[in-house]
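In the part that follows, the structures are each spelled out as C-alpha cells.
Okay, so chain A shows up in both of these, paired with chain B first and chain C after.
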Partner chain A sequence: MEEEGALSEFEFLRNVTIGQYLPTGSAVHQLDPRAKLAMVVLFLAGVVISTSLAGLVVALAAVLAGLALARIPLRYALQGVRPALPFLILLALLQVFTIPQNDVGTVLWKWWLLTVTVTDLVAAALTLLRFVVLILGLSLFSFSTNTTELTHGTEHLLRPLQRLGLPAHEFALAMTIAVRFVPLLALEAERIAKAQASRGADFGHGRGSFVQRTLRMLPLLVPLFVTALRRADTLVMAMEARCYTGGKGRTHLIHLHARRADAFALLVVLLLVTLLLTATWLKVDARIWSWIL
Partner chain B sequence: MSGTLIEVQGLCHTYMAGTPLAQPSLRGIELSVDEGQVAALIGATGSGKSTLLQHLNGLLRPQQGRVWVSGHDLGDPRTDLRRIRRLVGLVFQRPEDQLFETYVGDDVAYGPRQAGLRGTELRERVRWAVGLVGLDFERYKDRLVGTLSGGERRKAGLAGVLALRPSILLLDEPTAGLDPAARSDLLAQLSVLHQQGMTMLIATHNMDDVAALADVVYVLEEGRIALRGRPREVFAQAGALEALGLSVPSVVSIMAALRATGLAVPLSVLTLDEAEVAILAAVCGL
Partner chain C sequence: MTKEALVNTTTRKIVVAGVMGAISILLGATHWGFIPWFAGAALTIMHVPVIIGAVLEGPLVGLVIGLIFGAFSLIQGAIAPTGPSDVWFVNPLISILPRLFIGPVAWLVYRALEKLNRVLALVVAGVAGSLTNTVLVLGMIGLMGHLPWALIGTIAVTNGLPEAVVAAIITLAVVAAWLGIQRGRRGSRLG
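For the complex of A and B:
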C-alpha cells in the first residue's frame, strides 16, 4: 500500500474544507443561522484583535470542542489547514528573522543582520495559531450551515441596512454563491489538471519545493478562470429560467425562529471573545511568563 | 502475434478515502485487453467506467490491486507516468474538460510540446493529427475553441490526444451528445484507427457504438464486472442486461421483438445487414 500523498495527486477537493457542508444533524447544525453568523463574526473579530497567546490557546480549545460537538471528524477538519501551511510557515519565518522595531526582548541568537528574539518567536507562534483558529472556525461554520441557511441568515441580519440603500438579499446571495463555489472550483481545477496531465503536464506528484509546486499550478489558472466565468453565466441563466428577479417582494418558505439554545450559544461566544480581549488588555501573557520563569 | 497489453487484477478504489465524504467506486475489477483489440466498457452512470479508465493512464493510482499497461506496473511509485501518458491517450467525456487553450492549433500542439517537439516538427505533427480526425488544418488551426460545434470540439479533443501518437486509446463516452451524422463520422474514424492497429478501450452506454466496434465487452455494475465476452454472447443475454439497467443494440431489440411474434430469428446479430440476412432466411426458409 502506498502512502496517501501518492494516491491523491489529483484530489484537490480533499483539502478544501471551507464551503463544504457535512450534514451530521448535531446540535450545532440545529442552531439558528443568524446566531451562528453573529458568533462567527464576533469570534473572528476577537481572534484577529487578540495578541494574547494564552487567549488564542483557549480559543483553539473552544473551536476543537465546537468541532467535536458538531460531530465533524477532527482529522478531516485539520486537512483544511494543509493548503495554507506553506504560507503560514513562510510568514512565521519572516516574523522570526526580522529586526524588531520596539520592545526588544531577550536576544536568543544573532548572525549578521538576522536577529531572533523571544518577542519574534512569540509573534510567530501567534500568527500560526491565529490562522489555524481562523481556518478551523470558518470551516466549523460552513460544515454546520448549508447554503439556504446561510443566505437566509445573512439576509435577515443585513435587513436593517436596507434603509441605507444596501440590497440585503442580493448581497447575501452573492456571498453565499462565493462560499459554495469554493469546493466546486476545486473540482474544476482537478478536472483541468487531469486533462493537462493526461497530455504530459507534470504536476510532480506533490514532490518538489513550495516554489516548484506553486509554479506548476500556473497553467491551471487561465482555464480555471474561463471555466468559472462560464459557470457564472450558466448559473445566471438557470436562475432566470426559474423566474428569479431579485429580492424585491420575495417571500420565504421556512421562517427562522430563535430559540434558547441560540441565545446560550451566542452568550458562550461572547464570553470567549471577552476573555480574548481582556487577556490582551491585561497582558496576561506577560504575567504567565513571569510566573513560569 | 498479439500479447496482453492491459491487465487489471483485483482493482479497488474509493474516492475521498478517509474523509466523511468517502465514496467507493471500484470493488475488484479483473480485466485484460490484447494488442489491437477494441474493448467496450458498458455500464450505467456511476458504475465506475470513468474511474477505471483513469487508472489506465496513471491519473489514479491503484489503492488496492494491480494495473499493468504495456509491461509497466502502474502501482509502482518509480514508474515514469509521463511516459505512460504518451503511450496511453485518454479522451475525456466532455470536450470542455479536454480543451483548455484558446486556439485549436495551440490545444492540439499542447501534448507534443510537452513531449519536447518544437518548430517545424511540432507543426507537422499537429497537421497530421488534425487531418486524422477529418478537420482541415489550415481552416481550423486558428479557430477559437469556443466557436466550435459539439462535434468539432470532440474531434479537436481527439486530435489533441492522437497528436501524442499513443498506442492505446481510452475513450470516455465518445459519442455522447453528438447528432447522428457526427456520430457515424466519429465511429468511422475510430474504425480506421482500429484497422491501423490501435488498441482501444471505449466506455459507453450506447450499445449501437459497441456493436459497431468492439471485439470484447465488459459490463460493469457498481464497481464490479457483471458480464464479459464477445459482443454477440453478451447481447444475447438481454434479460441480464435489462436487470442491470442497460439496453441492447437496436438491431437486437428488433430481433427480440420479431422473435416474440413467433419468427425464428437468432438474437446474435450486430449489424443491419446481418439482420436482413437472418430475417430473409427465417421468412423464406433459406
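For the complex of A and C:
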C-alpha cells in the first residue's frame, strides 16, 4: 500500500480523464458536431437555470435515453459521477441542515437547532439531481465527440464572430493544441518529478511558510514551463515549415454537412429546454405536490 | 535571434496560448496546481500560466488562456469537483468571465513598468494578475449570493494575498529562466 501510494504520486495521467471519447459509431456519434455543441450548451444552460424538480427528472430521463442511443454502457457513464458524489452529498446535507431560509413549510424532524423541512429536502434533491444531470450531459457529449470534431464545430459556430474581426480559426486551433498538449505535458511533468525526486527533492510535504513551499515547487514548475515553451517553439517551426498561414483562405479536409437528423435532435433539445424553463416559471412542482398530497 | 525573425507572430501566439492553456489544465487536474497551506486550505496557481502567457505574448494570448482556464474550471466543477466550492464554478459567470481579465491586466502592468525595471515589472504583473482573479471571482461569488460579503473579505485577504505573492514568485522565476534575465545566483535550488 505504502509503495503504491508513493508511486501513484508520479502518475499524473491517471487523474486526467476529461475529453474521453468512446467510438461506438452510433447515431449520436454521427450527428453534426456543430449541432451537438449547440445542443450541449443549450441543455447545460437550461439545467443550470431550472429550479423545477419535475423538469430535472425529465432532463435526467432524456440524458439516459441519449446515453442508450449512443450505445454507451450506463455503468461507464456513471463512473464519471462517482468522484463528485461525496461533495454532492455533503452539499446536499449542508442545504438540509444549515440554510435557515429553507426552514418554512412542514417540519418533518426537529432536534435541538436542527430542523428538517420538506423545503429542505426538495432543495437538496434539486442540487443532487442538477449535478448528476450536468455531469451525465457533459459526459455524453465528450463520449460521442472527438477532438477534431470539437475543433471544427467550435470554429464553425464562431464564424459569425470572425466577420466582426475576431480570430475564430486561431482560437479553435489554440483550444485543440491545449487539449492535445495535456497528456504530453503530463508525461513531461512525471519525468521532471522523478528526476528531481531522484536528486533528493521533496515537494509539497515539508513544513514552512507558503513562500518556502512555493520555492520548493520551483524545481518542478520552472522546468515544466520551460519545456512547454520549448515544445511550443518546435511546434511553431514545424507549422511554419508546412506553410501554415492562419485561417485565411484555408480549405478543410472534412466538410461538415447538416442533415435532417441534426435538425431533429436540435429541435428535441430546444423542446426539452423550453419545458425545463416553463416548468420553472409556471411552478409546476407546487401543483404536482398539491395534487399528490 | 534570426530564428525569431523567420517566425510568423500569429502562429507563435496561437501555439503559446494553447500550450499555456494545457499547463493550466494540467495544474488543475493534478495536485501541482495547489500549494497546501494551513487548515487544509490551498493556494491555487492555476492562473499563473495566464499571467506568463500574457507577459510573453500579449493581452489577446492572455485572454485566450484565461478562457481555456475558465472553461476547464467549469468542466472540472461539473465532472470532478475537489471541494464543495468547486461546484459553484459550473456557473460561467463565476468560472469564465472573471478569468478573461487576468491576462490583459497583467500585460498592461508589465508594459507600464517594463522600461523601469524588468524584474519589478514581472513581480507586479504577477501580483496584479493574481489579484484580478481573486477580486473578480470572489466578487461574482458574492453577487450570486453563495457566501456573505464579510466572509468573502476574509477569504480575499487570507487566500488572495498569499496567492498574489506565490504568483509573483513563479512568474518571475519562469519568465526570468525563459528570457535569461540575470537575477543573482538564486537559481532553482532544491529544498
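The rule is simple: the second predicted complex is superposed on the first by the 189 of 293 C-alpha atoms of A that agree within 3 Å, B and C clash if a C-alpha of one lies under 4 Å from a C-alpha of the other, contacts with A are read in each partner's own complex, and residues count from 1 in each chain.
Keep this in mind: contacts are C-beta pairs under 8 Å (C-beta built on N, C-alpha and C of every residue); 3 or more make two chains touch, one makes a residue touch a chain.
Quantities reported herein were computed from a predicted structural model and do not represent experimental measurements.
Asker: By residue count, is chain A touched more by chain B or by chain C?
Answerer: Partner touching more chain A residues in the overlay: C.
Asker: Which partner chains sit in contact with A:218 here, chain B, chain C, both or neither? Use first/second/both/neither.
Answerer: second
Asker: Check the residue A:196 against both partner chains and state whether it touches chain B (first), chain C (second), both, or neither.
Answerer: A:196 contacts both chain B and chain C.
Asker: Once the shared chain is lined up, is A:22 touching chain B (first), chain C (second), both, or neither of them?
Answerer: first
Asker: Answer with first, second, both or neither: which of chain B and chain C does A:75 touch in the superposed model?
Answerer: Only chain B is touched by A:75; chain C is not.
Asker: What is the shared patch of chain A, the residues that chain B and chain C both contact?
Answerer: Shared contact residues on chain A (touching chain B in one complex, chain C in the other): 196, 199-202, 222-223.
Asker: Mind pulling up the chain C residues that touch chain A in the complex?
Answerer: My answer: residues 3, 6-8, 10-23, 25-26, 29-32, 35-37, 43, 45, 49, 52, 56, 64, 67-68, 72, 75-76, 78-84, 86-87, 90-91, 162, 165-166, 169-170, 173-174, 177-178, 188-191.
Asker: Could you please specify the touching residues of chain A with respect to chain C in the complex?
Answerer: Residue positions touching the partner: 12, 15-18, 48, 80, 83-84, 87-88, 90-91, 94, 131, 134-135, 138-139, 170-171, 173-182, 184-186, 189, 196, 199-204, 206, 210-226, 228-229, 231-232, 235-237, 239-240, 244-246.
Asker: Any idea which chain B residues touch chain A in the complex?
Answerer: Residue positions touching the partner: 15-21, 54, 57, 59-61, 63-64, 75, 77, 81-82, 85-86, 89-90, 92, 96-98, 100, 110-111, 114-115, 160-161, 164.
Asker: Which part of chain A faces chain B closely enough to touch in the complex?
Answerer: Touch list, chain A to chain B: 1-2, 4, 6-7, 9-11, 13-14, 20, 22, 24, 72-73, 75-76, 79, 191-192, 194-202, 205, 222-223, 227.
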